[in-house]
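After this come two complexes, each holding subunit A, first together with subunit B and then together with subunit C.
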Partner chain A sequence: MLRYAVRRAAAALVLVWVVATLVFAFLRLLPGDPVLVILGSESGAQAPSPDQITAVRRALGLDQPPAQQYGRWLARLVRLDLGTSLYDSTSVTADIAQRLPTSLELIVVAVALAVAGGVVLGLAAARCRGTWTDAALSGLLAGGLSIPVFVTGTLMVLVFGVILRWVPIGGFVPITSDPGAFARQLVLPAVALAFGLLGIVGRITRGSVLEVLHQDYVRTARSKGLGEPQVLARHVLRTALIPIVTVVGVQFGILIGGTVLVEYIFNWPGISTLLFTAIQRRDYPTVQGVVLVTSAMFILINLAVDLLYAVLDPRIRYEGET
Partner chain B sequence: MRRRRPARQVRVLVSAAFVFLVLLAAVMPRLFTARDPLLMHPDVPFAPPGRGYLLGTDEFGRDLLARIAYGARPSLEVAAGSVAVAGAVGSVIGVLGGYGVPVWEALAMRSADVILCFPPILLAMMIAGFLGAGVGHLILIIGFLYIPQFSRLAFAQTLAVRRSEYVEAARAVGAPTVRVLARAIFPNIAGPLIVQASLSAASAMLLESGLSFLGLGVLPPAPSWGLEIATARNYMFQTPYYVLWPSLVLSATILSINTMGDALLDYLDPRRRPGV
Partner chain C sequence: MRHIAWRVRLAGAAAAVVAAVWTVGGAPPAPGAPAPPFIFGLSSEPPNLDPHVSNGAAAQTVKMQIYRGLFKLDERGRVVKDLVASYDQPNPTTYVFHLRPNLRFSDGSPLTSADVVFSLQRIADPKTGAYLKKRFGDIESVDAVDPQTVKVVLHSPDAVFITLLALPQAAVVSKAFTTAHNGDLKTATMGEGPYVLSAYQRGVQVSVTRNPNYYGAPAKMAEIRFVFYPDDNSRVAALQSGAVDMIEYVPWQDITAIKTNPQFGYQGTNGPFMYLTFNVTQPPFTDARVRRALGYAIDRDAIIKTAFFGRGGPIYGLPIPPGSLAYDAAATRYYTYDPGKAKQLLAEAGFGNGFTATLLSTAQYGMHKDTAQVVQQNLNAIGEHITLALPDWPTRVAAGNDGRYQFSVMGTVGDYNDPDFLSFFLHSGPTYYADSAGYVDQAMDSMLDQARATLDPAKRKALYVQIEQRELAEAPYIFLTWREQGYAYRKGVEGFHLLPGFQAFYSPYEFETMTVAR
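And then the complex of A and B:
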């Protein structure tokens, strides 16, 4: 197990390095002078002054030879220094550190809602397989998978915020200052974000429950007199949980995508809102930082899922080791 | 099991019919409306749905039905275009890699690993933000991002069939590698790739509409469903149905494509066929 973990961790580290290199190279791969791309000279009405060009060039370190730029970029990364924002000269690392927890609060609540709801609905659909209940639940789950998150979010604002006026339609209150208000603000964005993942978790649950429901060990559990809830909880769901763990990890990228749109709709001051404004301001160091941090998180989560998977299913550890 | 089948068939048929209508709108929007989606009628902003304007008008008095009908084209162009790019590049890389052609093997797996590290929408936002938006760019960006979906599948499928007898036979009669790949392997793995194409198309549409919603996709004044929803959001308080139409059409289209993809998947995989 240790050897497997070390090998996987090393592979993840290499991937982080590749991603960092690509994010570094991105601006230089674009057609044209990266400084002019950032200053938006192609679309802007007035041409940037030579002073502006020199300032941006220096701020990005583009006045030095590429090899040296790359070396400094990696050296700074090791110290977790992502540079300074072109817009207001604040530290990108500090900006991200300030916004990240807000996004994570939203994501954690959404994942919890989606997993709880998806497992219950998927299990119910599997148990009623072939009936209209199954058809209705499967339809709902397919809807979660297909309806764009910004449509769900917008329609929820319309119904619960504008027509019914049950909850506030956007904004943010820190959990430390007023937990009640924080929770009220969190409801709509979290549910909107959870809906998509709910569809995926529900379908996976339905599929894997159907697969194990008629296994011998489930029949054994029933025949030794266990009640139905116990059979489902201890024998069926436990096996069905493995693919669910994987899918939540794999779907993290999609979840981040959903977070971008949900934060935008509900004015949630998280990392995606930071990215969005940074793109509009063409603040490249901030864009670079956010993309790098989220991708690294994505890689780490996949690593965690891989390791968890290996703990749950010993056969995986030995794959490729012979 | 008996009751399950009609429900399924109805769902698939309705989906197919809807996708057909959307395709028709993308090719010939005039079939659905005689009005110009860009023509402004400043005297009738926010007209309610009714006899004059079947679905109402927007803030400039433009006909909403026309805007929805004409909005089908950019969405489908991006979906079809990006899946074509990803499918072509991904299948070639995957088949060559799966067949064991030296460099391609590493390229197929490692490139997929790297592309999959980036959450798709972030990379798309970054590229579109600096390269500029528009249908052409969207096709290239999403096409690039979806290469792994095809290269991984083609890789695994090729790996599964490359030791089969018909491949050995083709090789034994001295067919060159390209011919073995194109005539013996590809036709036998095309099924799953086609299913993947339909699922990828739905997801490309989802991505495109999200980017357009953020203003990083299809550019105004061209009618696009994602863009339309973003604009309509600002007028939600006055005219709720303005945001409702594009939301319904976009969701129904993606749902229909997904339903058809699932049905294809079930059809191709006997284990998943209902009633077995």
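And then the complex of A and C:
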């Protein structure tokens, strides 16, 4: 088990380096010059002078050849220094350290809601297969899967924020400064984000449970007199959980850096918004830093999921040993 | 079964905690608590707060509370003295500014002529990336005569020099503070304006509180909190739900609903405008007749309807706001929407069978994209073959700066209502994405230089009439529509004055006198 874990971790590290290099290269290939964006806003009537362009480019170190910039960046990276933003000269590491937890709070709550709701609804749909309940639940789950988050999000803002005024329409209060306000601000974005995920988790659960329900060992469990809740919890769900864990793991990874729409609609200052604005401004160090950290987390989560399989399913563990 | 029961209990406990926290957090504020801050919905997070760098109207709104300059604009948009108590102009190129007595920065340190000299030099330093750098190239020397007096000598007379000093990008910064921060004012912020930066929660909001050392009457509101709402719908929803007191950049689709709702106040003006730039070194736009044909071929009302939900105004000539020195009603009605005439001009230029061209715009801003689509439709309807290029904004800027395009949609606003703003478009210079690439007209250059150096208003007006005629004949640009720029606020907000025309973006100068009743 340990050797398996170590080997997977080493592969993950190499993958992170590859991602870092690709991000660096692609950004430089992208048309658009950060210096020009810095010197002119979207309504810049006055042209900057050529000596300004040269001076600002030099001040930001963007006049050096890309190979040299890459070398410097890697050297800093080893010391866990992601550089400073081209826009406000703050440390990218500090920016990410501030934005990542904010995103994770939202994602963790949304995933928890989606998993809890999705497993229960999926299980219920599977149990009532072919009935009206199944049709209604499947419809709801399909809705979650297919209605884009900017539609559900905007509708929720309108209904619960503007018309009913039950919850704030958006914004963010750190959990440390006011947990109550934090929770109230979190409700809408978390539910909007969870709704889409609910569709995925629910449908996977339904399919997976249906498959397992007809297995011999489930019939055996029933025939030896176990109650239905125990059959479902101990025999059906445990096996059915593997595809669910996979999907949740992958979705969790996708959500880190992929919640830009929810963050935008609800004014949630997460890492996706940071990345989005950084790309719009060609803020190279920030884009590089965010993509690197989010992909490292994605890789880490995949690693965790792989290890979790091994825990859930001994066959995987033993294969890894050989 | 036991462990299941344990989980149920845990879930119950968690729910109870959430419920408790909810109730506590929702409690009304205790009596005697300080007045809640005035909350302003800002359309984007400022990229940074360096007052000399231009980085969007939203950033400027915040900076204008913190920094002030020698002059400013009053509530009707007139240039008035700010840090300056009086000034003399012993000859057309020399200005002597006398500062108000006992000026202090918000940290209590005295503000002297050394700070003014330092600020003007900082703007002139190319490393700063200052917005006014090129215009301040006119300055020959800046000297501190004594701690209260600054003498500025220009290379040549400049009719808009004082107007430039009233722009927020000409703010006075502290020499000691700036030097202590290695010249970097992106996040380090300290000025002499009515407010001081008090809190900055990145990605969320920035707060300013009353500056006790402000020279003028203390700001009426103790605190303004600028909350970032980049999404148009969210910003409007924030106003409607009562989460904010006021918003900027009211989206065009919401203006009518807000205007007719008695719960809200709204003020808007036709400030910014949309136009077409041409690469005049590449066919078919080398020929003025082709460019002029576009002046007749494009249905301005269709653009206003499609891109701006009817909130704007057509420009069938030059974008000179009424009230400007050079306003000439005839010059604003030079073209008409007349596809027949457009076809005729194109036929004369040898494009009777239509031309093929790519129109550069950007998908990043809806108004740029929608405008481009109407232009494309109008031109294709009379037999041209127009394709659209819609990259993101930085790519579009780079293409424009390299002159890698045939014609493009742009939108901007003049820096001031003085007709000298025309020189940004019409004066030759390095290729710039907001300008027509390759357009050089020496006669135009010398007329613009002369108009700027002429101090007599009547003579200037005559010169601008000539400049306007030449622009319309040569058509290096085709101007399309005004777009409305508006602020909305809830009932109870008093004392907001929208400045006219191009100056709409400088309205936040007057926030210090706003009040809000709750």
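Basically, the second predicted complex is superposed on the first by the 271 of 322 C-alpha atoms of A that agree within 3 Å, B and C clash if a C-alpha of one lies under 4 Å from a C-alpha of the other, contacts with A are read in each partner's own complex, and residues count from 1 in each chain.
Please note the rule applied: contacts are C-beta pairs under 8 Å (C-beta built on N, C-alpha and C of every residue); 3 or more make two chains touch, one makes a residue touch a chain.
Values in this document were obtained by computation on a predicted structure and should not be read as measured data.
When both complexes are overlaid on chain A, the residue A:Asp216 reaches neither subunit B nor subunit C. Applying the stated contact rule after C-alpha superposition, one finds that A:Pro168 touches subunit C and leaves subunit B untouched.
Shared-chain residue A:Asn267: touches subunit C; no touch with subunit B.
In the superposition on chain A, A:Ala59 makes contact with subunit C only, not with subunit B. When both complexes are overlaid on chain A, the residue A:Asp178 reaches subunit C alone and has no touch with subunit B. After overlaying the two complexes on the shared chain, residue contacts for A:Ile299 are found with subunit B alone; subunit C is out of touch.
Once chain A of one complex is fitted onto chain A of the other, the partner contacts of A:Val157 extend to both subunit B and subunit C. In the superposition on chain A, the residues of subunit A contacting both subunit B and subunit C are 30, 37-38, 42-43, 154, 157-158, 162, 264-265, 280, 282. Taken together, the subunit A residues at the contact with subunit B in this complex read 15, 18-19, 22, 26-27, 30, 37-38, 42-43, 129-132, 134-135, 139, 142-143, 145-151, 154-155, 157-158, 162-163, 252-254, 256-257, 260-261, 264-265, 275-276, 279-280, 282, 284, 287, 290-291, 294-295, 298-299.
Looking at the complex, you find that subunit A touches subunit C at residues 30-34, 36-52, 54-56, 59, 87-90, 95, 98-99, 102, 154, 157-158, 161-162, 165, 168-172, 174, 178-184, 233, 264-267, 269-270, 273-274, 277, 280-282. The residues of subunit B lying in touch with subunit A in their complex are 1-4, 7-8, 11, 113-114, 116-123, 125-126, 129-132, 202, 206-207, 209-210, 213-214, 216, 226, 229, 233, 236-237, 240, 243-244, 247, 250-251, 254-255, 258-259, 262. Residue ranges on subunit C touching subunit A, taken from their complex, read 4, 18, 21-26, 45, 47-48, 53-57, 125-127, 129-135, 137, 184, 186-187, 201-204, 227-231, 233-234, 237-238, 240-243, 272, 364-365, 391-395, 397-399, 401, 411-415, 421, 424-425, 429-430, 432-435.
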